[in-house]
Amino acid sequence: MLKIEGISAAYHSIPVLKDVSIHVPKGKVVSIIGANGSGKSTLLKAISGLIKINQGRIQYQDQDITAIPAHRIVGLGISLVPEGRQLFAHLSVQDNIRLGAYHYFKKSNRAEIEQSVKQAYQIFPILEKRSKQIAGTLSGGEQQMLAIARALMGRPELLLLDEPSMGIAPLIVREIFNVIVNLNQAGTTILLVEQNAKAALKVAHHSYVLESGNIVLEGIAAELLHNPKVKEVYLGG
Amino acid sequence: MILKRITILITICLFSIGLLISCAEKPPEPKKTYKVGALFSVTGRTSFLGDPEKKTAEMIAEQINAAGGINGHNLELIVYDTEGDATKANLALKKLITQDKVSVVIGPSLSGTSLAVLPLAEQHEIPLISCAASYKIVHNEKTGKPYKWVFKTPQTDTMAVEAIYRRLKSYGLNYIAIMSVTTGFGASGRGELLRLAPKYGMNIIADEKYGPKDTDMTAQLTKIKGIGPQAIINWSVGPTQVTVLRNRSDLGMANILFFQSHGFGSRKNIELAAGAAEGVLAPLGACNIAELLTAYDVQRDVAMKYMQDYKTKYNEPLSSFGGHAWDAMYMVINALTEIGDDKVKIRDYLENNIKGFVGQHGVFNYSADDHNGLTDKAFAMVIVKDGDWSLAD
Amino acid sequence: MLQIAKLPIAIFAALIITFPWMAHQIPVIDHYADIMVFVGIYCLITIGLSLLMGYAGQISVGHAAFFGIGAYVSGILTTNYGLNPWICMIIAMLITAVIALLVGAPSLKLKGHYLAMATLAFGIIIFIIFNEEIEWTGGPDGMPGIPGLSLFGFKFDSVDKYYYLVWAFVLAAFIFTANIIQSDAGRALRAIHTSEPAASAMGVDIAKFKIIVFVYSAVLASLAGSLYAHYLNFINPSTFDLFFSIKLLIMIALGGMHNIWGAIIGALLITFLSYEWLHYFEEFEVIVYGAILLLVTIFLPNGLVGVPEMLKSWVRRKN
Amino acid sequence: MNRLAQEHVLDVQGVAMTFGGLMALSNLNFQVKKGTIKAVIGPNGAGKTTLFNIITGSFPPTKGTVKFKDEPIENLKAHKIADRGISRTFQTIELFSNMTVLENVMMGCHTCVRTSFLSSGLKLPRSHRKETEILDRAMKVLRFIGLGEKINEPADSLALGEQKILEIGRALASEPELVCLDEPAAGLNETETHVASSLIKAINAKGITVLLVEHDMKVVMNISDEILVLNYGQKIAEGTPEGIRNNPRVIEAYLGGEA
Amino acid sequence: METISFTSQLFQYLITGLTVGSVYAMVAVGFNIIYNVTEIINFAQGEFVMLGGLIMVFFHVGMALPLVLAFPATVILVTLVGILLDRLAISPIRQPSVLTLIIATIAASILIKGIAMFIWGKDPFDLPAFSGRNPITVMGAVIQPQYFWVIGFLIVVVIALSIFFDRTIIGKAMSACADNADAAKLVGINVKQMILLSFALSAAIGAVAGVTMTPISLMEYDRGAMLAVKGFGAAILGGLGSFPGAILGGLIMGAIESFGAGLVSSGYKDAFALIVLLAVLFFKPSGILGDIEISKIKRF
């Protein structure tokens, strides 16, 4: 479904990704794990068009999307849940969710949109209770849910998640990962970037380990879970 | 090294651009021309003064040259735009003197710029005929006499103020409110209103101001309304003097006698006031009211001709400010015709031979003690009646 | 790249010294020396502003006020009280310094657009005072009769003499400012501009430095004002209005504010454009002026001093 | 003077920090011994950078005290703290990009060698002398950190590793007693990381106390004498590298618990 | 001789202040719309007002179009100018910094002023009042019908904008850009288009201000700069980015000028407004409602 071929990217002329290739098959959960600063987030930003890449190609469903600007990527069926949530902090929960449907808002009728909103609330019931609240005042976990809900409103076939567990209490992390599994079972392909390696490896089918912008390990997620090298990447040798 | 190169490059550019423009500007001219310089505030916030002045001066120069020039000499009019800026006026006058080598200068349009360049004219000994109102231009406070080289054509504020005060006195009114715009024009008029009030027994019970770009003067007028004067005198130019009239009529103050300054002299103002100018009085020079002048008034012919010429050429109503340039231009032309383009001779001619000169704004009589040459007859008190001027008597 | 080497200053000085002579050789630019007097006066302001805006990164839209305070204090003290112009000049600078300190201390805590508004408001208030206090300032009509300058009997009474006087001040201010830029203090200013957190981590007292530069630039503007008043022998408020503050801003931006040479080039270019060259466009003057500004802002983001750098990188790309 | 107190260069007592209701740090206590290297680690969002910002004076803590050499510094402005002898680097490199390498380090000398505006404007001999002094010191630092060859290059033209090194050098120029390094190895490759770790060791060998935040565990484990582990703004462990490596709470915090 | 009681005077000052302030408020709202999306202060905002007045004169007086046609036509034309401004002056700038953008908008305002002078000349123009010039007397104070139009249009603008930002997806999208441009891109919002839209909107509001104020105060080519300064002052006074702040700021500025002129000194009235502005800034550096949280949350 998504094929990344040898991409390199730099941030302020500092190389962050070096010749990274990744393949995400349809219907699977693929995770990318690695310590801070290994280039995970940059990879997702590159896919969703927020940053330019210097080299390589990104192919999505047989279409080259390397040079497509960010605001058109979502229309192709790729939604990103960015690191740190990146909500519209001064808008209400409702508005955040509705804006998720922005790219097809004009083409569809109200009822259809409301239907999607309802679905989002079904996945995260807490958000319905908070629907009038200003997004910036939500707790970290709720914000993360809202960010996912917003991304889902874009009706993605491929959902990119950037560190959904960051700064969130373990109980909520579990809830969010449950949602991720459910979404995948409902047919959404997922590319998950996580620092929380155990959690990520548990839900993923296939996994890549990124270190300093290079893919250092790759394999079936369940196998990687017990690979001592993973611990080494995180906690040092 | 880069910096060095830039410096050199810039300097070369500077020189070459200056050179190019100047070369393109001045093709060599074989026959001797009379050069007259002019400084008007053609653009900027005081363009309502300089623009008609420039148009008038250019029109006259064209007419003269079309008629064969002055004794066969072509008249070259060099106009610089001061934008009402003292620095620019200063630079431009020096350029007129040292580079263009003109023999006489008309302008500047404003009292401020005139005062700014006055010492230069004295220093370089070149006759200058200012088109600005302030009496300070032709009155050296240290000597009590006029400056040697400086003349002016507009009536001074003093005359306008005296005309108004005399009229008020004849009506038996003496509790008055004054309003003025915070520009040179307004401030100078306000100064004269305050200075001359005791002489005419006037009690100024309100002294209000507003900015040249203000959109509403209701507050000032409300305050005046609260005090209840017998008459209001407003000193301004441009759109504010119309806004004042409108605000006044809105506030139901039309029954209080209202005077405008001589800056009101354009029919456009009556038009813009949309009825609110009815009954307003203003002291105006002849050129505003040419049609109203009786047939045997000496000024009628010149005023009518100027008005028609101007309308034909520029297709816009005459403004009284253009008349100041007309007066200055013809004084200069007379001088050039009579004695040629020697600076000293021109000055002497202006001082001694401008006697009974019939101009747009009055009959001028210059003398060693008077470089303005106008009497209080230069103003006629005019009232707005049925959307047009009418003599107030 | 920010080194102010001795050679360019020497060349600059040589150009300045020979300029009047050169100008007098070519009749059509004979009066350029006269314009250069004003360029010099404006350079004094822009040099200080360049340090304030380009190096310390603080916007001021109110420097016309300091220019005006210098001019009016000099004007009032010389004409009304007959004091020696040089003493008045120093008094004017002291008064300006105090006012700048009082205004700067609270203002410089503001950031970005708020600072711009505060300085702009200050500028307008001062302008209104010039206009309204007629007994002191002569009001809108201005103040004639300000005496010229003389030193030990030597009168600066011609364009060329005054030219050398003004440009001597400019050179001194330029070298003084260049020295500051190259010293520890200058580095601290540039540090503040790049990163306030890092600068304060280096021990730079940011508030203090901002104030010092603000006061310094105000005092230079005041000096320029005094020189202006004694040259023109006349001042009126409209010289010191908001539009002049904006013009100063334009000079800095057009010349390139990250470099003190930009201050000189900007003042030179804008002064010549508005006093001389644009004159030839008559009706279109304003349009041409606006268009030039816009084009420079769009295509030369680093101002005119950035041009060689741009050309270099262009050539490099070509090869 | 009390011997124990002297041993602790830095003493953090009960420090808490809240941002608009969000608790970034809560009731944090720890000390840094003179002449040691102490590392602060923890997952993203654990409050490490907040802690650094409080110590170096970017903002005061909501609660608690920070003592440097027995004197409270928690309410001092950043530049005052720098004057006292704490210098720092930044997570996102904050070099003065419009200056050369040399000038960056010279900027670091600001705390010790100060000249007045007037004397530097007039280039008085005094300011000239001080400028030379600054130059000497900066050159010494640059040779020490191994960037002596690149002094006239613009700071932002350096490679990332060199920029990190330069930032450390700039922090050293003020001859601090305590340097706080915020992720000195982030984004570096293996060789560069190695260079950075040896530099940190060399600094420590000169007697300067080092406090660092770092994600690269190889670096942390190799060079630190003591490690402090934060999670959700709280201290979850403190001790030697060996002890930390095998601490189950730390492993859980890092690799995640059951999900 | 007709006089006026002191209370009536005060009431009159208030009415006048609110009318003048409404114009400032509209200019300030225009500043905020662009500022919120782009963080640019568009100093050409005053020129939109000037163009609104003069183009309206052209349509309504020159071409004798009825008010209902001339008004929208004017707004559309000025909106086009706003769009051109963004496309020709703002979006081509490759390295935008605060100062570059300030200079660019100042340059644009000079350019627009120059073109207006070229088209309309330097004279002021009048526009007939929308519903006559027969004033109404309330509590001894006199109110021009046009005052109601000015204040009324401010209210209409406020309501229209609050509906736009609260109820429409495009409005939400614009707020979203202001809030978090990257996130906006992620949900498919074309940020550049939103910037363009913000210029169009604020030009339209400027045009409305110009059209409604011209029957009171006439209009000429160089009115823009002063209005921009006053409007900028109002926006800063209220707190940049806050719409309620802009309106509050505008009305306060207008009221201070009016009361200052009436009660203290008319020569210093502009100075009073600015001194109050400075005082507010020195005590609350982000303006009256300028707390970023509050301003952006309480859009309307």
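Chains: A, B, C, D and E, in written order; residue numbering restarts at 1 for each.
Basically, a contact is a pair of C-beta atoms (placed from the backbone, for glycine too) under 8 Å apart; a residue touches a chain by one contact, two chains touch by 3 or more.
None of the values given here were measured: they were computed from a predicted structure.
Q: For chain D and chain E, what is the smallest step count along a path of chains that touch one another?
A: Graph distance in the chain contact network comes out at 2.
Q: Hey, which chain ends up farthest from chain D, C-alpha centres compared?
A: Chain B.
Q: Whole-Å distance, chain B centre to chain E centre, using C-alpha means?
A: Chain B and chain E have C-alpha centres separated by 35 Å.
Q: Based only on mean CA positions, could you tell me how far chain A sits from chain D in angstrom?
A: Going by mean C-alpha positions, chain A sits 33 Å from chain D.
Q: How many angstrom lie between the centres of chain A and chain C, each centre taken as the mean Cα position?
A: Centres of chain A and chain C (C-alpha means) sit 53 Å apart.
Q: Touching two or more other chains, which residues of chain E qualify?
A: 117, 267, 270
Q: Provide the list of chain B residues touching at least two other chains, using ranges where the numbers run on.
A: Within chain B, residues 43, 182, 209 contact more than one other chain.
Q: Identify every two-chain combination in which the chains touch.
A: Inter-chain contacts occur between A-D, A-E, B-C, B-E, C-D, C-E.
Q: Under the definition above, what is the set of chain C residues touching chain E in their complex?
A: 53, 59, 106-107, 109-114, 116-118, 120-122, 124-125, 128-129, 131-132, 242-243, 246, 249-250, 253-254, 257, 283-291, 293-294, 297-298, 301-302
Q: Considering the complex alone, what residue numbers of chain E touch chain C?
A: Answer in residue numbers: 41, 88-89, 92-95, 97-100, 102-104, 106-115, 117-118, 225, 229, 232-233, 236, 240, 267-268, 270-271, 274-275, 277-278, 281-282, 285-287.
Q: Touching chain A in the complex: which residues of chain D?
A: 22, 43-45, 156, 160, 183, 186-190, 215-222, 232, 245, 250-251, 254-259
Q: Within their complex, state which residues of chain B touch chain E.
A: 43, 45, 47-48, 51, 182, 208-211, 213-216, 218-220, 222-223, 225-228, 230, 238-239, 242-243, 246, 249-253, 255-256, 268, 271-272, 274-275
Q: Taking the touch rule as given, give the residues of chain C at its contact with chain D in the complex, in rising order.
A: 1-2, 176-177, 179-180, 183-188, 190-191, 193-195, 197-206, 212, 216, 258
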